[in-house]
Each structure stands twice: as structure tokens, then as C-alpha cells.
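Listed after this line are the structures, all set down as C-alpha cells.
What follows is a pair of complexes built around subunit A, which joins subunit B in one and subunit C in the other.
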Partner chain A sequence: MSLESFQVLAEPDVQRLFLRGLGTTLTLFITSSVCAYALGGVLVVFRMSGRLSSALVAAFVEYHRNVPSIVQIFVWYFGVPQLLPGPVQTWTNTHLGPFFFAVVALSLNAAAYISEDLRSGIRAVSTGQLEAARALGLGYIKAMRLVVVPQAIRGAAPALINQALGLLKATSLALAIGVNELMYVARQLDGETYATFPSYLTPTVIYLVCTLTLMFIGSRLQRAANKTR
Partner chain B sequence: MLDILSDYWLLLLVGQFPQGPLGGIALTLVMSIAALLLAFPVAVAVAVARTSPIVWIRRAASIYVTAVRGIPLLLIIFWSFFVLPLVTGINSSASVTVVCALVVYEGAYLGEAIRAALDALPTGQTEASRSLGMSYWTTMMKVILPQALFNCLPSMMNQFVLIVKNTSLAYIIGSQEVTFSAHSINAQLLTKPFEVYFMLAGIYFVMCYSLSRIAKLVERRVERKRSGQLAVQGGRNSTLARASS
Partner chain C sequence: MKRLALTILGLLIVCSTAQADALADIKAKGVLSCGVFGDLVPLGYQDPKTRSLVGLDVDVCSAIAEDFGVKLELKTVSVDARIPSLETGRVDLMTASLAYTPVRAKQIDFSSSYMSVPVSILVKKDSGIKSFADLAGKKVSANRGSTSEVFARQKLKSSEVVTFDAGPASYLALAQDKVQGMAMVKSAGVGFHNRSGGTTEFLDEPLFMEFDCVGVKKGEPALLAAVNAALERIEASGRLAQIWERWYGQGTEYKMKREKKVTLASEFQ
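Take a look at the complex of A and B:
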């Protein structure tokens, strides 16, 4: 663990490698979190309407809760293309890389958790709110949209930020299917230069900077949520 | 899917065990149980440190927890893959490495669960035992921890489910647990990736879902005990007791 091994980080090639890895990680994170929050919102609507759709969403949530994320990624990357008909399969093989399937698997997984957080946020809003809004003449949809959902999101905000944190960390799993994100790059550098300490210290610092920022935002929102209550 | 299961069930269950090292579901479970048992004392220590009256102990513990929460488990696994041989001087196997990484990881997460249980106890418990002349440690060992650890049994079970799921990462550094078995089955069959990986997902689902169901049962029992209804044994008796009281 000599200090000389850190000289590897001064090389422009290595810096470019890490920057590219960070870029991939952040793209993966942002794309899948946008998809996950949107899908989570849709799922919670289905969860709260109708018996059949509610049961389907519940099954979806249980699947994603009880199967490791990495296995979900494998099912999507190795498994699902096989189910598609021939011509579509050749198209996916040439056009959609591991990055696409990583986004699909990660955002479906996060969406399951997000929909549960949103649901418990909605349940935490007292029924009097909805009743009062309805009594004032708002329709169900409008009462939900203007009165219940804003309060639910404010209450669930810390948990929702926590899901973003988990998603950011989960992007590291994409290395298993060969997406060249931060961890993949670190392992590559370690393999090529044997500078193990700097190759793993760099992603550690980068992850910590990103996650501490998210945790800071989360604790701010928590404080704001506590104040309004 | 069933024909794969009937052809390869032994490989999925124990890996190449009689001839080679233990693997498959058995290794997944052994690793998970070892990680839980070893992480438990670490987690209790972290929880006690997080609620310690001494500022710097509290701060050190919270730095540890924040750091572990801030980096992916995969990174912790890579670190222990690299650091463990430096510390112990011997090259440990992939499974041992992952168990160590899980102990570091769960020390923080399980520690937070136990801390939540410590915080949830009414302060009157500490105050009463301190005013009866017990020292801080006696209070902890005889009064606070027994109650807090019992109350957080359900969240410990939930952490165990998380551990089982997290052992799947061991595949990346070459431990031969059930994900690895599925991978080698897929490499032998080549044409049925969906069946193999969906079956793997099914195996994890059965394990984790039943564990979380058990956790639910334990939770109900703990809640009943906390509200003081377990004194009368059995469901019907307790409803009778409630009706008559």
C-alpha cells in the first residue's frame, strides 16, 4: 500500500477512465430514477383502484421485494430477450445493450419500493382531509390531486429520497452484466495496474460525495416535514 | 422450467458438495446465518455506542453508520477482498470475504434497527433503574437491552431477509452460492436463459417470502406481548380474557 501507487491517479488516461465511469453511473442513476418515480406514481394509482389491479401491483411489489436486484438484472438481461420473437430478438441484440436492461431492471425494482412509500404516505394523510375536500364540492380525482397527494408526498419525501439513495448504490450492480460504470472501471484499473488501493479509494470517495449530498437533502426534507406536522 | 429443476436440483441445493466445496442454496443459507450471528454483537455495540452518553463515542459510531450507508455493498465486498488478506495474512475464500463484508454492512444497518428499538423504550426504564442504584452497564445489560432486543426481533428477521438477498453479490467475486449454480447451469444449457434465471428468482422468492411471513408472525407476537396479552396463553383464551375484563 505504498504512496507511489497513487501516482496512477495523476495520469490523464486514468482520470478520463474514472470520469467516463462516473458519467455512466450518473446517467444510469438519473434515467432509472426518473422512470422509477414516474412508474411508482402510476403503480400506486393502480394499487388503490380496483381489486384485480391492486392484487397485480401487490404481486409485482412482492416479487421485487423478495428477489435480489442482481437476479432481477440477470432475468432482464439474459432471460427476457429469449422470450421475444425472432426478428425482435435480433433487433434487441444489435440495438439494446446491457445499459438498457440495467435501466429497466433497476427502475422496475425501485418503482416497486417507491409505490409502497407513496401508498403509506397517502394512508398517513387523515381521512378527514379527503372528506372535507369532498364536502367542499371537489370531485374524488380533484380532491386527491389538490389535497391528499401534496400532503402525502411531503410526508413521504424522506423515504422517497432514501429510495434515490438506494438506487444510486444499486447502479453498481450493473457491473455484473458489463455496463462500464464506476465499479466496473475501478475493477478494470485494478486489474491492469495492480494499484488496488487508489482504484477502490476513488470510487469510494465519489460514492460518498454523491450519497452524502442525497442524505443531506433527505435530512433537510425530514426537518421540513416534522415542522409542518 | 421443472425439467431443469429435476435435472439440476442437487447442484442448486448443495453445489458440488460431496466431491467439491459446499455451494448452492446450502451455502447461501450458511453464509447468511454466519453473517447474521457475527453481525449481531457488532450491531449491538454500534447501537449502544450510538446512544452513549459520551459524545465522541456517539460521533464515531455515527460516522461508521453514515459511511457504510453511503457506499454500495459491492464496494465493501471489494474492499474486504483486498484488505482482509492484508490484515489476517492469509488469502481467505470468496465466501469468507463476503461474510466479513456483510458483517461490516449489517453492523451498521442492524445497528440502526436496534438503536431504533433502544430509542423506542420509555426513558422511565433507564431513569428507574439508575435511581435504584444500578450502574450504566448493569442498566444496559439487565434492563434496557433485554427489552429492546426482544422488541426488535421482527426487524432483525427482516434484516435476515436482506442478508439472504445480499449474499447473491458473492457470485461476482466467485463464491459458489445459488446464483453461481444458476450461472453454471445456464452455461451448460445455453438455450434456456429465461427459464434458468426465472427459476433462480423463484428460489429466492420462496426463501425470502417465507422468511418475511415468519417475521410478520413474530411481529404480531411481539406486539401482543408488549401490550401485555401474552400472559393468557392461546388466541381464544386471550379474547375471552379481554371480553371478561
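Take a look at the complex of A and C:
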């Protein structure tokens, strides 16, 4: 490794390449996390409403927790379109690229974990809270919404922030199906210029900056949420 | 004081004689390790029946090991890990469809070429694509870190080149119509073409004519010279032609003619 290989980072083409890659990574992350948190909330509701829906959600969570994320991405991109009928498959191939399938795979995976974190957050709220709320005349849904869930989220906040960090890092798996994200462009640069160390040091630094920013935002949100006590 | 001086002198002597000589190490250990593919038919792949690594590249390395008089040890490599594997010394030689390019020659040394094949584009027959111009605005798949990626990016400027980790994934993208063309060296591309059930065809014009050589770590002139001498002997004895016949010849599904014999590095570098 020579210091002169770092000169490749000074070229505007290379800088633009990394910026494009970062843009794709962030788009992938934001889209997936919005879907994941929303779906995670929905899954928790279903988990608590009836035996059949509870079993279905449990199966969903077990699949996504036990199958490696990279396998899930391959199954969605290469496997699932094969199961679709002919004309649907053709439409899928022309209109839904690897980005779409990466978002689907990452969202579902993260949603499974998030629903588990929310569930443990809800269980951590003492049952006395729900009883007291019901005793004060609030209906079940109002009691959950106004009393239990806010406390649950406060309790689950560290775990939820963890999931966000994990999701940001998991976006790098999308390179396996050809999404132009940060690690994909880093490997492309390495292949073209053999400037291996700068090619991989740059995304390392970028990921660190992004995750530290996320942690900062997360801690600020936590502080704001705790202030309402 | 005297002991210190003697120790330093001794260390200096040892250091001055300790030069990198991979060839001597190979002969001393009695083992030659080669990097080959594990998933590219028919260059280097796992035989489903015997579960051992077989292929044209494997046979070439076998022949070199025999010429050296040592045992052969095979290690599988991925497309973009070929050059790093050589540089770190994980393998002694790289026989994994490694084509010569001037940029690569700055990182490692190349032997004489034992195979010369075109890099072509495979397309679906019903896509109506007949030339490079037809690929404008379309997607072309290639193996990450291969010459096909480099030349596809250079020559197909109006197409989007999508890279995958390995040959099978690049072909799968074409088979599932996720990309409209696959750029791959023909020696590997024919394997996929034959398995496509008649749905694919090669474009007539090749992207590039590449020379596949044995890769050697830089700074090992003795090993490089030994490999070149071995290749010449293997060619002269007709064994290289036999190896080609075994994997690409008339008795196989490919029936490809051998384009060139062993070509000296000076002729194409």
C-alpha cells in the first residue's frame, strides 16, 4: 500500500462516483426504514390481536430472523419474480429494478426485528398502567395509544436506534444484486485502479460519519421524548 | 560489546541472503499452489460426480506442477480476488482465466499466454439485438473485476454495465431478462450459451481479444522464467493441445478450434 494510491481520491470523477454511491445508499436506507418502522408497528398490532394473526406474525418474524439477509435479498431478486405469471414477470423485469427488491427485502427483514423490539417495549410497561388507564374510563385502544405505547417506545428506543444503524449497514448487501450503492462503487473503483486501501477506507469513513450522525439524532430524540415526563 | 557487534553482523548477513525466492520455496516445500475458479464451466469448476476441482485451468496448473516436479494444491478464488490473492502470497500462481491488461501488469507479472479468446456479448435470440448500437440504453451484465467489465464500460458507453460477483449470477440476470446482454470471455460464455437451451446467441463483433496467462507475483523473476519455460515444454510436447481438446475440442459440446499456441509475453505486451 503506497500513499500515492490515495491520489485517486483527488480526481473529481472518483469523488462524484462516491457521492452517487452515497446518495443511493441513503435513498435505500430512508426508503427501507420508513417502510420497516411502519410495518413493524403494524406487525405488533397484529401480534396482539388474536391467536391466528399472532401465529402468522410469529412465523414471519422467525423466517426473517433465521435466514441470512443476503439470502433474503437473493430470494427476492432472483427467486420471487420466477414465481410470478409470465406477463407479470415481464412487467416486473422492465419496471422494477434491483433497488425495488433490495428495499423490499431490507424492509421486511428490519420490520421483523423492529416488531420484536416494540413487543418487548410494550411488555416492559407494567400492567398496572393499562389497568389504571382502563379504570379511568379510557377504551382499550385509547389506553394503548395514550398511556402504554408512548412508554413502550421510550423503553424500546435504544433497540430501535440500533435497528436503524443495522439497517444502514445492511444496505451494503444490495451490492450483490447490482444496486449502485456505496460498497458497489468502492469495489468498482478498486477493480479499475487497484487503489485498494483508499477504495475501502473512503466508504469506511462515510459509513462511520453516517452512523454517528444517526446515533446523535437518536440520542436527541430520546432526550426529547424523556422530557415530556 | 563484542557480542552485540557479532549479533548485528550475523543479522545483517542473514538479512542480505534472505531474498524472496518463491521458486526455491516451492521446490523446497514440494507443493505448488494455484488459484482457480470453482464455479466457471469448463475453466475451473467442481465436478458434480467426483466433487473435485476440474477444468482447463486446473489441467494447465497440473501440467506446470508436473514440470516443476512438485505436488499440486488448488485454491478457489473469486473473480475480483485474483490479483490480491497473488499479491498477498495466498497462492503461488494464478490460472483463473486471467487476461493481460497494462493496468494489471503494474500489479503482477504475466507469463506467456496459454489461451487467446475473444470477449463477446451474449444476448437473447428474441431480443433483436444484433450489434453494439442496439445495446444503447440497455443493461449489460459482467463479472466484477474482469476484463469484460473493463471493456464493456469502455466500448458500450451508452449502456449501463451491471456487475455481479460470479459468472452464474451474471448469466442468471440475462436469463431472467434483468439485463439485455452479458459480456463475458467466450471461453466461459460458451458454457452458459450451451446451457441456455437455444435461447441465446453471441453477437458477431467481439469486445476485445484477450490473452489469458498465468499470473505471478511481482519481483519473482525466477518463478516467472520457470513458468514460461514450463509452458513452452508443455506446448512442445503437445500436452497443451490435448488439454484444449479435452475441454473445448471436437469431443465436447463446444467444438472450438484453438486460436493460438503459447504466445510469448513480448508479442502482446
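The rule is short, and it goes like this: the second predicted complex is superposed on the first by the 214 of 229 C-alpha atoms of A that agree within 3 Å, B and C clash if a C-alpha of one lies under 4 Å from a C-alpha of the other, contacts with A are read in each partner's own complex, and residues count from 1 in each chain.
Rule of thumb we're sticking to: contacts are C-beta pairs under 8 Å (C-beta built on N, C-alpha and C of every residue); 3 or more make two chains touch, one makes a residue touch a chain.
Keep in mind that what you see is a predicted model, and the values were worked out from it rather than measured.
A.B. asks: Under the stated touch criterion, which partner chain does A:Q129 make contact with: subunit B (first), subunit C (second), both, or neither?
C.D. replies: Once the two structures are laid over each other on A, A:Q129 reaches no partner at all.
A.B. asks: Check the residue A:Q222 against both partner chains and state whether it touches subunit B (first), subunit C (second), both, or neither.
C.D. replies: A:Q222: touches no partner chain.
A.B. asks: Specify the partner with more touching residues on subunit A, choosing between subunit B and subunit C.
C.D. replies: Counting residues of subunit A touched by each partner, the higher count goes to B.
A.B. asks: May I ask you to decide whether A:E62 touches subunit B, subunit C, both, or neither, giving the answer as first, second, both or neither?
C.D. replies: first
A.B. asks: Determine, under the contact definition given at the top, whether A:L212 touches first (subunit B), second (subunit C), both, or neither.
C.D. replies: A:L212 contacts subunit B only, not subunit C.
A.B. asks: Is A:S120 touching anything from subunit B or subunit C once the two structures are fitted on A? First, second, both or neither.
C.D. replies: After superposition on chain A, A:S120 lies in contact with neither partner.
A.B. asks: So in the superposed three-chain picture, is A:L83 touching just subunit B, just subunit C, both, or none of them (first/second/both/neither)?
C.D. replies: After superposition on chain A, A:L83 lies in contact with subunit B alone.
A.B. asks: Classify the contacts of A:A176 with the two partner chains as first (subunit B alone), second (subunit C alone), both, or neither.
C.D. replies: In the superposition, A:A176 contacts both subunit B and subunit C.
A.B. asks: Check whether A:E192 is in contact with subunit B, with subunit C, with both or with neither, and answer first, second, both or neither.
C.D. replies: Touch status of A:E192: second partner only.
A.B. asks: Check subunit A for residues that touch subunit B in one structure and subunit C in the other, and list them.
C.D. replies: Residues common to the subunit A contacts of subunit C and of subunit B are 78, 82, 176, 187, 196, listed in rising order.
A.B. asks: For a test of understanding, state which residues of subunit B touch subunit A in their complex under the given definition.
C.D. replies: 66-67, 69-75, 78-79, 82, 86, 161, 165-166, 168-169, 171-172, 179, 182, 186, 192-198, 200-201, 204-205, 208-209, 212
A.B. asks: Which stretch or stretches of subunit A touch subunit C in the complex?
C.D. replies: Touching subunit C from subunit A are residues 78, 81-82, 90, 93, 97-98, 176-178, 184, 187-188, 190-194, 196.
A.B. asks: Which part of subunit C faces subunit A closely enough to touch in the complex?
C.D. replies: 80, 83-84, 103-104, 106-107, 141, 144-145, 149-150, 162-165, 169, 172-173, 176-178
A.B. asks: Please output the residues of subunit A touching subunit B within their complex, sorted ascending.
C.D. replies: The touching residues are 1, 62-63, 65-72, 74-75, 78-80, 82-83, 165, 169-170, 172-173, 175-176, 183, 186-187, 196-197, 200, 203-204, 207-208, 211-212, 215.
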